Structures are given as structure tokens and as C-alpha cells.
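Common to both upcoming complexes is chain A, partnered first by chain B, then by chain C.
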Partner chain A sequence: MRASSPHRANLLGLAFMTPAMVLLLGFFFLPVVLTSVFAFTNMSTATGISGGSYVVTGNLLRSLTDEGLDAKTIDALGQSNYVIDQAGLERARAAGVDAKFVAEIAERLKDRSFTSSSAFERELKTLPSRPTRVRDLKIAAGAFEQSVLNVRYASRGEMEAALSHMLENPPEGAIERIATASYTGWTWTTDNFKNLAIAPDTWRIVGNTVFYVVLTLAFNVAVGLFLAITTFYLPPAGSGFFSVLWLLPRITPVVLYAVMWKWFTWEDGFVFNIAQDLGLPAFNYMKGSVASAWTVVILVNGFVGASFGMILFSGALKAIPVQQLWASEVDGASRWQQIRYIILPQMRWPILFVTSYQTLSLLSSYEQIWLTTNGGPGSTTTIWALEAFKTALNNYTGNLQYGLGAAMALVLVAVGLVLSIVYLRLFRFDEMMSKPKIEF
Partner chain B sequence: MTVLPRLKSAILATALLASTATFAMAKDVTISVWAGGTGPTNDYRIEAIKMAAGVVERQAKIRGEELTIKIEAQTWTGWDDFKQAVTLAAESKKAPNIIVSGHEDIGPWSQSGLLRPIEDYVDFDAWPLNQLYPNLIDVSSYDGRIWGIPQDAEARPFFFSKSHLKAIGYSDADIEALPAKVESGEYTLYSMLDDAKKMQDAKVVEPGKGFMPRPNNGTDYWQFYQSFGGEMIDAESGKLVLDRQALTGMYQFFVDAVEKGVVPATYLGMTWDTWHQAVAGDKAGIWHGGTWHKAEWEAKWGLKDFFGQMQYSLIPAGNEKGRANTITHPLVYLLSTGGSDEDATLAAELITTASEPYINALHAVKSGHLAIGSAEASIPFYANDRWTSAATEGLLPKANAIPNNSDFGVVWKAMYKGLEASWTKTNSVADAVKAVETEVRNALGDKIVIR
Partner chain C sequence: MQISIRNFTKTFDATTVIDDMNLTIRDGEMLALLGPSGCGKSTTLFTISGIHRMDKGQLMFGDRDVSGLPSQKRNVGVVFQNYALYPHMNVFENIAFPLTVRKDAKADIDREVRAIAALTHISELLERRPGQLSGGQQQRVALARALVRKPDVLLLDEPLANLDAKLRLEMRSEIRRIQLETGITAVLVTHDQVEAMSMCDRIAIMKKGEIVQIDTPADMYSNPRTSFVAGFLGNPPISFLSGIAMENAFSVAPIKLRVPLVPQEGIADGTQLKLGVRPEHFGPEGDIAVEGRIAFAETQGRENLYDVALADGSVLRSIQPAGRNWALGDTVRWHIDSKSVFVFTDDGQRL
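Now for the complex of A and B:
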């Protein structure tokens, strides 16, 4: 039998890797690339995402006046004329306007002109064959319009052609300038980052985010470790029960979990009633004070992370050779000494993993906060990811700033990458992953 | 001999042609309508379109056409999710035919090409659009074009608990005279804070419930900016305006309210239910809301005697630079660029028919909103409703609207963030104003006038 060639083995490996690579490409690289692209634009609800068109509007004329475009050009652009000429009649026929109606327009209104659509439409309504539907009348009127004002052109070329047709002897470069200013879509810019850097609000949200991540992370790791070690020393039946109990926050659907916290901390909720019975201040703990709101936010996320930590730490604990613990007991070590000198030193890898994984997931998670305090009271518990989400996708005024929101998200990606590298260095990841010095 | 068969075939051909014509005219059209801010008391935003569809179907039948209109409606109680849904649906070319939203969305949505100008589809010289209030048409216009048809109007008044006013020494006559004192500027926001404090001291309302403003973001907060002399738009240049002095006055007012103990520092973000329960249950001293809240309080929160329990007025002036005011925030029917021109034409016809005074009055009276036209205001069903007619005469003529401008959202967001920051004492008033100024200056440059 012939041994399979190493090339084939490589190809097979690649084939096995393909699904993972496709997923990585689709769910990580592509979003990051798109976020990076969006971040360098001024995309918003007003500019749209898929590109704009070219329109000369009243407001545009006003700003062009402010910028010093000559009055004659502005005047010409602002005019709206309805001229009944041969070209107009042909356009009307081409637009499908009833032939009889067109004939009446030609007969009774030829060579007349109107300065407003309403005046022209009023005149059209006097004709015997006028259409019954309003829209048909408007289409007929529109065929005679000779104006660029408020007309949407799909391309720059069309706008420039229309401008050249409208303006007699425009000043040098005026057409290009007007066409550029009339664009309604997004443009490339680095302003998002500049604005983020100088906005006073930025540093407040950064502060909130650091506060939230550090405290929640500390809670995750400390409580996760505590739970893992205490269940480790419990008899197996009891430890199994407690492990399942502590898993509840993680396996409960996030919306239900948030609703349960609301019942727990809301006015007339569980804590409220107990506090009232004990004569303590009873109020809406989730939103009623900044300190209690932060406590709720940290606990809500903390318990989810703690159960995650507990599973990993429990697994790691079981891998510690039990003989080491027996030996230490023979030497008279206390429980604390066992934890301090045997267990913790062997937990470096899982602690590294939980810390780095949780830092990154806390940095980018906002859903629990959104569903509980929603960043309040005021905006005191607003963190970076929540602010990015609200800026880009969800706010009361409906002013979705995709560009600015993406820039905020990109900052988060960059911070995440930097932190990952720092963690790897700090915990000497390469040493842990290197080949053992003794061959087994 | 030859005539008869020819006649026969001609008759047969005509009959065949006629039958195919009937088949060709049978038409099923689906029109989708999405509405934000719509709960059980304002279901006529959608129902009116359904009623209009019935009328248009009958008109078609009389013309000999077989037309069936199916209305696919979707409503949202809030605004955040609704506006997100509309914007993203439009980006993926799935926008509904008709959108019912706040008029301020016309600015950004028209720029992005999400909307068809409704003036290209309807006749404002003909009934029922020719009796709409001109100021509401202005509110539905942007950049010289009319983009929407007003669906309702409202005012956002101040409310006072009559029993709590009496508890601090007001007589019936004093309470009656209060709205006039507010309007003249004699009774200011600070007089109101004093009264709220007195109510708390007299223990008729709990601490922190003397003054219960709107619990979250809304047009209402611009009223306080106006109370301190702020303007949102420069009438002459049409540019947005940020008045630092007015913003300072407004932020300081809420900080003072917190310091007086009549409203908590952590008030913003409270749920609507808690607020409704307190104000409708006479647990609050003074608050502000909308004309439509009366309908909600009666339908859901057990309010029995509105006029016996509450007094209402304009939002008082804050200082001598400001004025007593109220803001109307009409919702408008908008036509999206989604669907065919034929569908849009039908959708516009439905909107026009739904604006018929008898139909719109159903929405106005049921939801506590105000008439959109003069004919509607004189329909007995509307005119004989004490609240709608009182608000139409007493409040609506003094109401102004927020500007339609594609950049106004940026200013609004910054204004509210600053309010949150100063109210919760995260920032000082001066720093909050500075932050707003920096944010809007960076974002808008010379598109905004900062005074």
C-alpha cells in the first residue's frame, strides 16, 4: 500500500478548515471591513447608505448665496417655469397623457407660460378633457416644467447637463460647484474621529466604560473562582446542584433575564418591598439612583459572566492531580494554603482566558444595559457600545448617524485588539503554549 | 344574407371584449401603512386609511371598476424602533407605501430620497385638503415643497392638580385665573417650583412628586428652551439656532427644581406607566404632557373627572426674555418612494379621503388630538367635545412647531444629552452647555447659528 502524499493531507486539512474560514470571513472580517468603510464617511439617515442623487433645493440656493454665488445664477436656478411649447407637448405625449387632452392644451394654451405649478394646474382644470385623477393632471403639468429646482437627477452628468441648459453664460466653474453642492449622498471624511476626540462627552463615556468593564470583570473572575473552588470542596451531589443553579443567569434568555431583574428591583418589586418592611429607603433601584443603577448593571452582567467563569474554572480544577492535594494535607496544609499554593498557580491559563474573553465581550455588549437601565438615569450608565448602537441605529429623534456610530464601533475593535495583545504578553501565553520541556 | 352573420359576429366580439374588459379591470392592490407612536387610543391613524379604502372601492365600483384594496398595517407604540424600521426598510427598498410619522422626519427623509413629495399626487385646491389649517401645511412642507398631509395636531400643556392647589391656599377663582396669569408671564416656571414645594411641604404630595415633567426625551423639552427665550430657527436666514443663554436658563431651571427637592436628580428614564399612574391618580402636584394624554388617562388610568381634577395652561415663561408657549407636533401622512407610481397614486388618494373632516374627527376626539382643518373644527361631534374645542381655541393658536430641517436631529440629540448630564449633576450647567455647543459646532459648522 502506498502512503498518502503530504500534499493530499494538506488539502484535506484545508478542506476541513474551509467552513471555519468562510464563517470567519462572513461574520468577522466582512463586518470589520464594512465598519471601517462606514467609519470614514458622513453617512446618516439624511444621506442614506446606498448613495445619493443631485437636487437643487431652496435651502441649497440659500447656502450658495451665503457662499457668494452671483445673484443672476441663483435667480435663474430658483425659477420654476411652465412653458407650453412643442417640446413640452411631445414630452406630454411621451409620458402617456391622453391625446385629446394634449390636443386641447396645444390649441388653447400654446406659447403661454406660467410661473407656478398651481397657476398652471388651475388653468389645466378648465379644459374639457381634463383627467379625473389628480396624479394624471400633475403628470401632464410636469411635462411642461422648465426648471432644475427640486428635480432629482440620478447622476452628476444629468445634473450638469440640466444646469448648462438652464444657465446662460454661467460664471467660470459655477456648474461644477453647484453640481457638487447639490449631491445628497454621503462623502468620505475623517471628521468622525476628530469630533469624537474633542467632544467632552467622549471622555465621560470612556470613564463609564472602564468603570463598568473593570468592576464587572472583577466580579466575574472573583465570583466565578469562588464558586468553582467552593463547589470543588463540596460532595459531588451538592456541587452538581449548585453548579446548575449558578448557570441559570447564563441559560435564561436575555430578555426574560432582564425582565426578572426588573421585577426584582422595580417599584413594588421584591427588593422594594423588603426594604420597605425593614424601614430602609425603598425606590426603583434600577433607575432611582446612580449608585444603585450601576450596582444593578454590574450584577446583571456579573452573574452571567460568573457562571461562565465557574464552568471553566471547575473544569480546570478537576485537571489538577488530586495527589498534590493529598500530599499537602499530609504536610498539614490548610484549605487556604491549598488554594493559595496549589490551586491558584495552576489556574493561570483559565484565568487568562476568562479575563481576556470577558473583557472583550463586556466591551462590546450593551444588550443587558439597554434592556435594564437603558443607560440611565440620565445617561449615567451609558457605555461606549450602547452609545455607538444608539448613535448608529436606535434613537428617539430617528437621526441615525451610521458614519459616527461605525467610527465608535471601530474604536472598540481597535481597543479590543490592543487589549488582546496586552493580555497575551501579560500572561506569557507563548510560554504556556510552548512544547513541554520533558517528553512524555 | 351576409349582414346577419356579420352582425352576429360583431355582437359576439363586443360581448367577448366587454367580458375581458371587466376581467382586466378587476384589480387587487395592497397598500402598506406603518405608524409610530400609535397605541389603542389612536388606532384611527390606521383605521382612517381602512375607511378611506372602503370609500375608494365604492367609487371604483360606481365607475365600473372592480377594485379591492388590502391595507397591511403595522404600528409601533414608541419612536426609536419605528424610525429605525422605516429607515432600514427604505434602505433595503422595502419601505411601506404610507408612513405616519412626526413632521420633523421630512427633512432627513426627503433628502435621502425616501419620500415622494405628496404635492405631486394630491390637489390642495380641492376638498378636503383646501380646508386644512395653513400653518399645518407649513409644518408638512420642507424646502418649498409639501411632503406630507397633517394627520393630527395637538398642544402640550402644563397641568395642575386642583385639589393640591387648593391645599396650598388657592381659591376656585385663583385656579380659574391661573392660565391667564401664565400667559401674561406673571406666573413663571419659578412660581411653579414654589407652588410644587409648598404642596410637598403641606404633605399633600410625596417628596419628589411636586413637579413631574415628561419622563423621557420628547418635543416637550424644547418648550422650556422657548420659555427662556430660545429660538430653534432663524426666521430670516432659515438656519438652525442654538441660543446658549436660553439653554443655560433651561438646564439651570431643572437643576434648581432638583435642588428644591420637587423632582429627583435621577428622574429622567422613569417609565411612562409610573408617570401616568401618579398624574392621573392625583399623586402629582404639577406636570406637563399632551392634550392626547387626557384620553389615555381616562381609558387606562381611571381618570373620571378631568375638568374637576386638573387645570391646564401654556408652559409658563422662565424669565423675562422668554414667553409662555406650547409646541404642536403634528404627525403627517407621508408617501414613500417604495412601490410603483400607480400604488403611490392610490395611497395618496386614500390619504386624501382619510383627511375628510368626518373621518379625521374620529381620531381627534378619540385620542384627544386637535382638528387639522377648519371644517373639522365645526363638526358637532368635535365642536361639542369640551376638551378638543377648549384646546383648539385656547392652546392651538399659541402653538408653534419644531423646525423641519435635516440637521435638527443632531441639535436635538445634543440638547437632550446636555439636559440629562446637568439634571443628574454629571456635568455642571456651564459644562453641559459647552458640550452641546462643541458637539453641534463640530457636526454642523456654519449650518447653525450659535448665539
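Now for the complex of A and C:
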């Protein structure tokens, strides 16, 4: 009996854990895994998310030049060749060129090649059955034209064959390099992270994000606590009214809430008019200056989180037995000492919860900023999540960089995980949750 | 310090819980507030401590009127019904709390806390959290916290209610010892009469927000002023017989019982009366014979407890030393000790 019970306990424990594990897998690990996969690709609107083909484009030639491919090779890639081969002859026949003329070309010029259209056409003009019209001559010449430029090859092999056909004595490795670069589909890469690490914008956005999260969080917790404690000491009738009032930012739909803030802060809005009447500078507070834009962003998000904090803190406050508060008063504690020594220490767990939950949701939230300042003026209020969102899903140039966006999101996930661990340490989570209260 | 409550009225919402109460607690005495659940004991205690405000009346500590003073300024120590220790502080911090908020010097706090911890026998528990203590240990921590700043008044709200029988016995004498040692004026709220009788100098019995009698335990027991008091004190409880006055005697005609009303003459014949007989005053010895049948018998070790059903259906309780045992159903002819009975009018007033 004794020996078997720990085993049974483990199994039972496992059974209890299963739903939690399934949910964790479905809602946490799966998105994270997908994000991680995307983060290591260069997927974008241009590459698509399925496979691609091999094309040498003018743009590619330019970027290859920038990357130092020798000019001769680039030139050759850009050139057209005229090769008299079987395929060319068939193309000419199909294009309706006079059969006799084609036969003559086959007989006299077979297997020769020309590097320019003028040389080839000059040669054609020497043939007896040449067409009289220049246009027909050009059609015949065109049938033998060979170029890799803007030709789509389905496989790498075909692209490499075409390249080696085009290039005489290409430099070592050049064909492989061009073929790789010409791929239009997505590939695996770690460039997203390298680019993020070196881009100067990255650090500005990181700075913005830290500034935004820290200030909004401080506002959330401080105002949430303040509201909870004041309503706690208020008579019940008043506290009910205030609770509902402070809940409004939370329960108003995001878009409506953002629109209200716009009315409030835009030109000819509420604040604008008041400032004007008072002789203060009146402008579009939402986008008009960096300081006012940040204030708006922090208040918009702050009030949503503050009401959330207030609900949690109010619940926790009501759970403190009233005798403890009586005892502290009888012990001589002033109202402030009661808050400082009795109430706040017992709010540690809800404060931890609000802080960690809000840090994570603020880190990953962009909707309110997107709908209000949209990261402006300039990109002064652009935070990481908004930038990731714009990079991956919503930007003006139209080239959505899924891979880079996913890489940015993955950075957020990593930061979130690290922060969670730090928070748990900081608030000595293990002490609070040391043992299950009910033993199996 | 003497505490006097004058014309105290307390109303919650619309219900008046205490109506025009007067009570004086002498300097250095320990007074028990005894009464059934919901009679207003805690309310009275919380009013003395300042947690509740009086709707009407006056509260005096010595000759200082403290009615308007907040609890922070009254210098009272309270032990709450459920101890109300601060769960996030260890025992030392709990006890030190009244001194900490007063901003005493660290060294002083340390000395005072250790002294009071020694007095309450919890010196070795100072590092623990309340959650790691037994009920009795928590109770002593609460007591230490109430005593540490040398309050003028100690208020105890059913401090022993949550303890087991043995611990309760121990703590009873412990609290009394500390109260006597410190000479503090104390009020003990309880609904356990044994607790009240064994610990306190005087007992105030409350009923529905009123104090019905205030006396020493012995006087209260031997000289109850109402049938409620007589019924509340004593274990096993007193039993009552209904009858009428007839020729200067309490009489129950159907069983031919006649108990002379010696000191109280001149009661109109036919007046409805109640006779209270304590179990120790009914048994084989006595002067007025009553016949009945043993309807219930219980052995309590040293003593046996019997219910004797009389011919008219009423029941008298009796407690007898073990040794001579009667069995259920035995017919007995026992006696009432007529000098020790109490006679009450029908509405409960003692004659």
C-alpha cells in the first residue's frame, strides 16, 4: 500500500495536468513554433509562402553588381545571343518564316552564333531567299535569340544549364551564386536577426518600447491601486458607481475608445478648445508633438490597464479579513500605516499578477497606438510590436516581410519569457505556491 | 483604569442591538461579558475599543471621556475572536506592530517584544509565520500583541473558542495569570459560563443587548435575579417546575408537591410561579419528598446524572456521586432541598 501510493499519485497528477498541457501546446507552443519557423525565412509578399522559380531580372543584375560580381559576367547575362540550333530552327518555322529561307539558314549557318542582332541580321541578308521586308527579317532573327534575362526556369538545374550556355568561361562559382540569387521563392536564413541587430532603427524602437512599457505599467499599477484603495474606503454606494466608471475604458470597444481619444485630443477637440480658451498652445495633441503624443499613448493604454488592475486589486482587498484592519487600528496604525503595512504587503500576489500580465500584454499590444498616433509623429511613438505588425502585415510599400516580422515577434516572445522568469524570482513565486494545499 | 459605559445605544442599519446600556468595570478587574450568541457582546467590546462608534451614550476611561476618540488613540489591546494575526508578518513582527507604528526605537521594540514573548511562553516561535502555528500558539501571539504596548484596557473576544479542551484549560489560567501580573483592566467576552466563572472577578450576563445581572461568579450562581440567569449558569443546568402559590407555598397539585415560600410571604393564592431546582439540590437527601421514575441516566465518571420524570410529566435533574447507581426505569422517592431552591414569577423575576 505504502509503496504503491506515490506511483498512483503521479499518475493522478498527470491526469489532472493533461488539459493544461493540451491547452499550453495548442495556444502557446504551436504559435511560438510557427513564429520561430517563419523567423528563419526571408518570406515576403515577393517570395510568396509556397515555392518559387528562378529568374534573372534587371534588379538582380544591379544587386549582383553591388555585391561585386565581375562586370564581364554581368554584361554577358544582360546580352542576347543568336544561336543557330535545332530549337531555333523550329521556333522560326513555327513563327511562319519562309520554309526555304529556314532551310538555307540551316544549311549555311548551322551551329554558328552571333553576339549581336546587327551581325546576325547582316549575315542573314547575304542569303539568297531572304525576305524583302525588314520586319520579316527581324522576325526570323528573333527566333534564334537566346537570353536568360526575365526568363522563368522551374528548377535550379535548368537555370544553371541556361547560365552555362550563356557565359563563356564564367569565374569560379559564379553560376551557383547567380542561380541562388535568382531564386524568387523563400529560403531559410538567419539574416532577419543579423539585420535587426545592425539596423540603427532597432535600438530606437527598443528604447521606445521600454519607455512605453515602463511608464504605462507604472500608471496601471499605481492608478489601479489608488482606485482600488480609495473605493475600498468609500461607502458601498459610491464605490459601486466609481467601479463601473473606471471600467468603461476596459469594456468600450478598442476602435470606439480610440475614436473618443481622437475627439478629445485632435484639432478642435476638447483639450484643444480648453487650451485655446486658457491661452495655452493649442494643437493636435495626439500627433502634434513628441511629448504630447507619448502622453496620449500612455494615458490611452494606461486607463485600460488601470481599470483591469483596479478590479483585481479590489477583489484582493475584499479578501483581507476585516478583523485584521480593526486589529491594526486598535494597534495604533494610522490609515496610511494600515495601507503601508497591512494592505500593500498582502497585495503582493495581485500586484505581481497585474505587473507580469500587463508587461506581457503591453509588450505585444499595438492596437491602441496603431489607432491613435500610429507610431507618430515620425516614428517617435513606434514600439516593437507595432513595427513588427507593420513589417509583417500592414505597410505602405506593399511588400510585407513575413520573415522579418516573425523574427521581431520571436524576439518579443523571448523577452516575454525572460521577463516572466525574472518576475517569478523577484516576487518569490515559489514561496507563495510552495506546496499544493490539498495532498493526494 | 476604570471603564464606565453610560446610556450606550448601538444601532446597525435599522435594528437596535444595544439599548441604553450602563456598565462599570472596576480598575484592575477582569469582567466577563457572558451571554448567548448574538446578544451584543462583541458589539459592546468593539465599542469600548473604538472600532464601533456609539450612537448614543458616553464611554469613560477613568475620568477621561473617550467617546469621540478613534481606536488608535484609546490605548486598548484587543484579542479578536479569530486572532486576526497579520499573515505576512512573522510572530516577532506581529507582536512588534503596535510599537513599530508608534515608531519606537529598534532596541526598545526588540526588548519589549522579547519580554512579552517570555511572559506568554512563545519565545521560541518568534521567527514563524502565523500560518505555521497551532491555534493555542496563535492565541498567545494575539495576546502578546495586545499586551505589548502596555494598554490601559485589555479586551478579549472569545479568545478560547477555537481551542481544544485541554488547551482551553491551560490558557484560561495563563490569561488570568498574565492579567493579574500586569494588573490590567480586562473584559472577557465569552458564551462559556465555566470560562467566565473560573477566570473573572465579576460576570455581566447579557441578554438581547441588555445586562440582566452583574455579580461575582459565586453570587451569580447562588443568587440569580432572574430565571434566565439561573438557567444560564450551572452545568448540568437548573430545572424548572411550574406551579401556583397556595397558602404561602409553591404548589403543584397533581403531584401533591408543596414547597413553603419561607422568606416571601403574602403572595396571592393562585399566582403562577416557577420553581428552580439545581441538580445538586435534588436527590436521596433533602426535606421535601417527590416521587418519580428515572427517565435518563448518564455516567460522567466521578458523578452520575439523572433525569427524574414526575407523575405530571415534568422533569427534575439530579447529579449524584458515583457509587450508588440507579438504572433507567427505577422508581425513586427523592427529596428537594427546600432551602436552596429559587422561586420565580411567571415572567422570570426572582421572588
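As a convention for this text, the second predicted complex is superposed on the first by the 278 of 440 C-alpha atoms of A that agree within 3 Å, B and C clash if a C-alpha of one lies under 4 Å from a C-alpha of the other, contacts with A are read in each partner's own complex, and residues count from 1 in each chain.
Just so we're on the same page, a residue touches a chain if its C-beta (ideal position, glycine included) is under 8 Å from a C-beta of that chain, and two chains touch if they have at least 3 such contacts.
No experiment lies behind these values; they were computed from the predicted model shown.
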- Query: For A:T190, is the partner it touches chain B (first), chain C (second), both, or none of the two (neither)?
  - Reply: neither
- Message: With both complexes overlaid on chain A, does A:S334 touch chain B (first), chain C (second), both or neither?
- Response: second
- Would you mind checking which one, chain B or chain C, touches more residues on chain A? B
- Query: What is the contact status of A:S116 with respect to chain B (first) and chain C (second): first, second, both, or neither?
  - Reply: neither
- Message: So in the superposed three-chain picture, is A:G378 touching just chain B, just chain C, both, or none of them (first/second/both/neither)?
- Response: first
- Which of the two partners, first being chain B and second being chain C, lies in contact with A:W326: first, second, both, or neither? second
- Query: Should A:P345 be classified as contacting the first partner (chain B), the second (chain C), both, or neither?
  - Reply: second
- Given the touch rule stated above, what does A:N273 touch, chain B (first), chain C (second), both, or neither? neither
- Task: Determine, under the contact definition given at the top, whether A:A199 touches first (chain B), second (chain C), both, or neither.
- Result: first
- Shared chain A surface residues [contacts with chain B and with chain C]: none
- Query: What residues on chain A touch chain C, complex-wise?
  - Reply: 321, 323-324, 326-334, 337, 341-342, 345-346, 348
- Message: Which residues of chain A touch chain B once you look at their complex with the stated criterion?
- Response: 44-50, 52-53, 57-59, 62-63, 66, 117-118, 121-122, 133-135, 137-138, 142, 149-150, 152, 184, 191, 194-195, 198-201, 204, 267, 284, 287-290, 293, 373-380, 393-401
- Message: With touch defined as at the start, can you tell me which chain B residues reach chain A in the complex?
- Response: 79-84, 86-87, 91, 101, 104-105, 107-109, 111-114, 117, 119-126, 143-145, 216-218, 237-238, 264-270, 274, 341, 345, 348-349, 406-410, 412-413, 416-417, 420-421, 423-424, 426-427, 431, 434-435, 438-439, 442-443, 446-447
- State the interface residues of chain C toward chain A in the complex, per the touch definition above. 46, 49-51, 70-72, 74-78, 80-82, 84-89, 97-98, 100-102, 145, 149
